[in-house]
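Shared chain: chain A. Partners: chain B in the first complex, chain C in the second.
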Partner chain A sequence: MIEIKDLEKTYAGGSRALDHIDLELHPGEIVGLFGPNGAGKTTLMKCIFGYLRYNGKITLDGDPVTRKNIARLSFGTCEHSFFPGITADDHALFYRDHFETFDERRFRVLMDFFGLPTDRKIRHMSAGQQNQFEVIMALCQGADYIFLDEPFAGNDIFNREDFYKVLLGMLGPGEMLMLSTHLIEEVSGLISRAVLLDKGKIIGDRQISELEEEGTSLVGCIKAAYSYRPDRVYEALDQLSPEGQ
Partner chain B sequence: MKRKIIMSPPGINGGSTAALIAASAVVFILLLSAGAGDTIEGIREGWEDVVPLDSILAGKFAGTWIHAALCAALAVRNYRSFRTEGQSIYVMKRVKSSSEIHVMSLAIPLIGAVIGFAAAIGLMYAYRGSYISASAFGQLTEYNTFSIWRALL
Partner chain C sequence: MKKISSLFGACAAESFAGVLCVLGCMGIVEIVAFVLRGIIRDAGSFGEAAADSFLPFICALGYLGMFLALVRGSGNSRGSRYTVRRLRVSERTTFLVRAVYCILCFALFILFQAVMIFLLAFFYRHGRYFSGGAEYLFVSLRADGFLYSIIPLKDIWMVLMNAACVVFSGTAAAYMAVLIRDGIGPIISYAVPVAVILLFLMRSLFVPFVLVFVLLTICWLLCLYSALVYSGDKWGWDRS
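After this line comes the complex of A and B, so read on.
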C-alpha cells in the first residue's frame, strides 16, 4: 500500500501546489485522479516518486520510496520518459536489463495492439504513437503501482476505448493503476475509485460502487464537487449579446 | 543475470561522440607535432645555446586541455540528454543503481580525457628523452630538464 500523510508541496515563489494531502492507494485499485489544470495532479504523482521535494510522509508498504523499492512504481507521463533516440526493441532490452520484473509478453502484445513499429526510433513516431509507447513502457515495467499522467493525449476514441478494455483484462489483482485524465466519462467504466483534487487539496474521494448505489454518475459527482455552475454559459453569452453590451 | 554496462546514454549518437573525440584528437596531434618539431629545433640550437625544454614546449600542450575541455563538454551533453526531448531522467531515477546515470554520462569522456593526458605525458617524456640524449646532459641544469611539467600548464 502507498500511504501519503500530510503531504505539502510549495513551489519556489510561494505557490502551494499540494496542501495537507492524506491518501492511501491499495493494490488492485484503478484510481481516477481528477481536477482542473493546476489542481496538483502531476505534482502529486511526482512527489510520490520523489521527483520533487516535499514535506510530509510517503511510504510504500511502510518504507519510504527509495532506490531500493522505487522499481515497484512506474510512471507514464505526457512529458515522456522514454529514450527518443532508440527503438522500441532497444527499450525492451534496456528495461529487461534494469527492471527484473519487466513483462516482455505484455510489451509484445501491447506493441502489436497499437500497431507500433518496434524497429523505429521513438523520436520518429507520431505524437499519438509516442504517447502510446509511453503508456506501454509504464505498463510493462512490471511495477505494482502504475501511474499514468494524461496518457491518452493524441489518441483517437477507437484506440482509447479498445485500450480501456485491454487494460481491464490485462491488469493483475495486485496491480494498482492511477490515471490522471480529463476524460472523465470515458474512464468512468474503467476506474474503481475517483480522487478529486482542487487547488492542491483533496475535495472528494469516492468509490465508484458507492456512486452506483446512490445512482449518481461520476460526471455528476465531479460537477457537484467542483460547484459547477451551468448558468455561467448563459451569463457569458448574455454578456456577449448586443443587449448585454 | 549479469547486467550489461552501458557506457553512454541510450540513443546518444555514437557517431557524434566519435566525431567529437576525433576532432579533439586531431587538434591534439597537430599541437603535439608542432611540439616535436620545436623540440628537434631546440635540440639543434641547444648544442650552442641551451634552451630549456619547458620553454621549447611552452603552449604546445594546449591541445591536451582543449581535448579535456571537449571531453567535459561531452559529459555535460550526456547528462543533458536525459532531460532533452523528454524526461528519460525519470526512468533513470527508477533503476536500481544510482551510479548508472553517472557511468553512462562520464565513462567515455573520462576514458577520452585519461587517454589524452596519458598520451601527453608519454610524449612529454619522449621529448625529454630525445632532448637529454641529443644534448650534452652535463650542460643542462636541473631546471632545464626536470621542469618539463611546466610545459603542460
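After this line comes the complex of A and C, so read on.
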C-alpha cells in the first residue's frame, strides 16, 4: 500500500501546489485522479516518485520510496519518459536489463494492439504514437503501482475505448493503476475509485460502487464537488453579444 | 556491468547523431579551408603563416560545436530522466557514465582531426615539408608523401595537454548537461564548465601554456567535485 500523510508541496515563489494531502492507495484499485488544470495532479504523482521535494510522508508498504523500491512504481507521463533516440525494441532490451519484472509478453501484445513500429526511433513517431508508447512502457515495467498522467492525449476515441477494455482485462489483481485525466465520462466505466483534487487539496474521495448505489453519475458527483456553474457559459455569451458591449 | 553498459548505450543514442553532425560539418569546413589555404599560398598575397593562422580557430569552433551537441544530448532529455531516476543505478554513477561518454566523444573529435590533417596533407602535398596542426596534433609529410612523423616527441607535452583537455571538457559537458536538465543552480555553477571550454579554446591562441593548464585543472576539479556532491546529494533533485 502507498500511504501519503500530510503531504505539502510549495514551489519557489510561494505557490502552494499540494496542501495537507492524506491518501492511501491499495493494490488492485484503479483510481481516477481528477481536478482542473493546476489542481496538483501531476505534482502529486511527481512527489510520490521523489522527483520533487516535499514536506510530509510517503511510504510504500511502510518504507519510504527510495531507489531500493522505486522499481515497484512505474510512471507514464505526457512529458514522456522514454529515450527519443532509440527504438521500441531497444527500450524493451533496456527495461529487461533494469527491471527484473519487465513483462515482455505484455509489451509485444500492446505494441501489436496499437500497431506501433518496433524498429523506428521513438522521436520519429507521431505525438499520439509517442503517448501510446509511453503508456505501454509504464504498463510493462512490471510495477505494482502504475501511475499514468494524461496518458491518452492525442489518441482517437476508438483507440481509447478499445484500450480501456484491454486494460481492464490485462491488469492483475495486485496491480494498482492511478489515472490522471480530464476524460471523466470515458474512464467512468474503468475506474473503481475517484479522487478529486482542487487547489492542492483533496475535496472528494469516492468509491464508484458507492456512487452507483446512490444513483449518482461520476460526472454529476464531480460537478457538484467543484460547484460547477453552467450559467457562466451564458454570462460569457451575453458579454460577447452586441447588446452586452 | 550490463546495467551500466545499457545505460551508456541509451545515453549515447541521445546525442550521437549530434556528434556525427558536428564531425561532418568540421570535415566539410576543413576541406574548404585547406583548399582556400592552398589558393592563398599559391597566389602569394599572404604569408604562409597568415594563411595557417585561421586553422586553429576552425578547430576551436568545432570543439565548441561538440560541446554544445553533448550538452544538448548525452541522455539528458527532460523525459528520459524520469526513467533513469527509477533505475537501481545511483545518480552519481549515471553522471560518471555520461562523463565517460562525453570524454570518448571529444577523443573521437581529436582523432577525427588527426585523420583529417593526415588525409588533407597527403592529398595537398607540394614541394616542401607539409605540417598541419589541429590543436597540436601534428602530422608532417615530406615532398614524396612519406609520412615524416605523427605527434613528434618534442610535442609530448602538447599531446598530454590535448588528453587533459579531452577529459576536462567531457566532464564539463556532462556536468553542464545535468545542470541544464534540472534547470537549477546559480549562474556560478554554469561558469565552471564554461570556463573549461573557454580556456580550451584560448590555450593555443593567447594565454601561456602553463597558466592555462593550471587554470584548467582547477576548473576541472571544481567541476568534478561539485558534480559528484550534487549528484550524490540526496533523493530528489528539485531545488524549488
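Keep in mind that, in the parts below, the second predicted complex is superposed on the first by the 245 of 245 C-alpha atoms of A that agree within 3 Å, B and C clash if a C-alpha of one lies under 4 Å from a C-alpha of the other, contacts with A are read in each partner's own complex, and residues count from 1 in each chain.
Heads up, the rule we're going with is that a residue touches a chain if its C-beta (ideal position, glycine included) is under 8 Å from a C-beta of that chain, and two chains touch if they have at least 3 such contacts.
The model shown is predicted, which means the values in this text are computed figures rather than measured ones.
With the C-alpha superposition on chain A as described, chain C and chain B clash in the combined arrangement. Legend: residue contacts after superposition of the two complexes on their common chain; A:Arg67 is shown touching both chain B and chain C.
Look at A:Arg53: by the touch rule set out above, it reaches chain C but stays clear of chain B. In the superposition on chain A, A:His80 makes contact with both chain B and chain C. In summary, superposing the two complexes on chain A brings one listed stretch of chain C into steric overlap with chain B, and the stretch in question is 2-10; the others among 2-10, 56-64, 182-190 or 218-226 show no clashing C-alpha atoms. Comparing the two complexes, residues 49-51, 67-68, 70-71, 73-75, 77, 79-86, 90, 94, 97-98, 137 of chain A contact chain B in one case and chain C in the other. In the complex of the two chains, the chain C residues touching chain A come out as 2-3, 6-7, 9-10, 13-17, 73, 75, 77-83, 85-90, 235-240. Of all residues in chain A, only 49-51, 67-68, 70-71, 73-75, 77, 79-86, 90, 94, 97-99, 121, 123, 137, 141 touch chain B in the complex they form.
The residues of chain A lying in touch with chain C in their complex are 11-12, 49-53, 66-68, 70-71, 73-75, 77, 79-86, 90, 93-94, 97-98, 137.
The part of chain B that touches chain A in the complex is made up of residues 3-4, 6, 9-13, 85-91, 93-98, 100.
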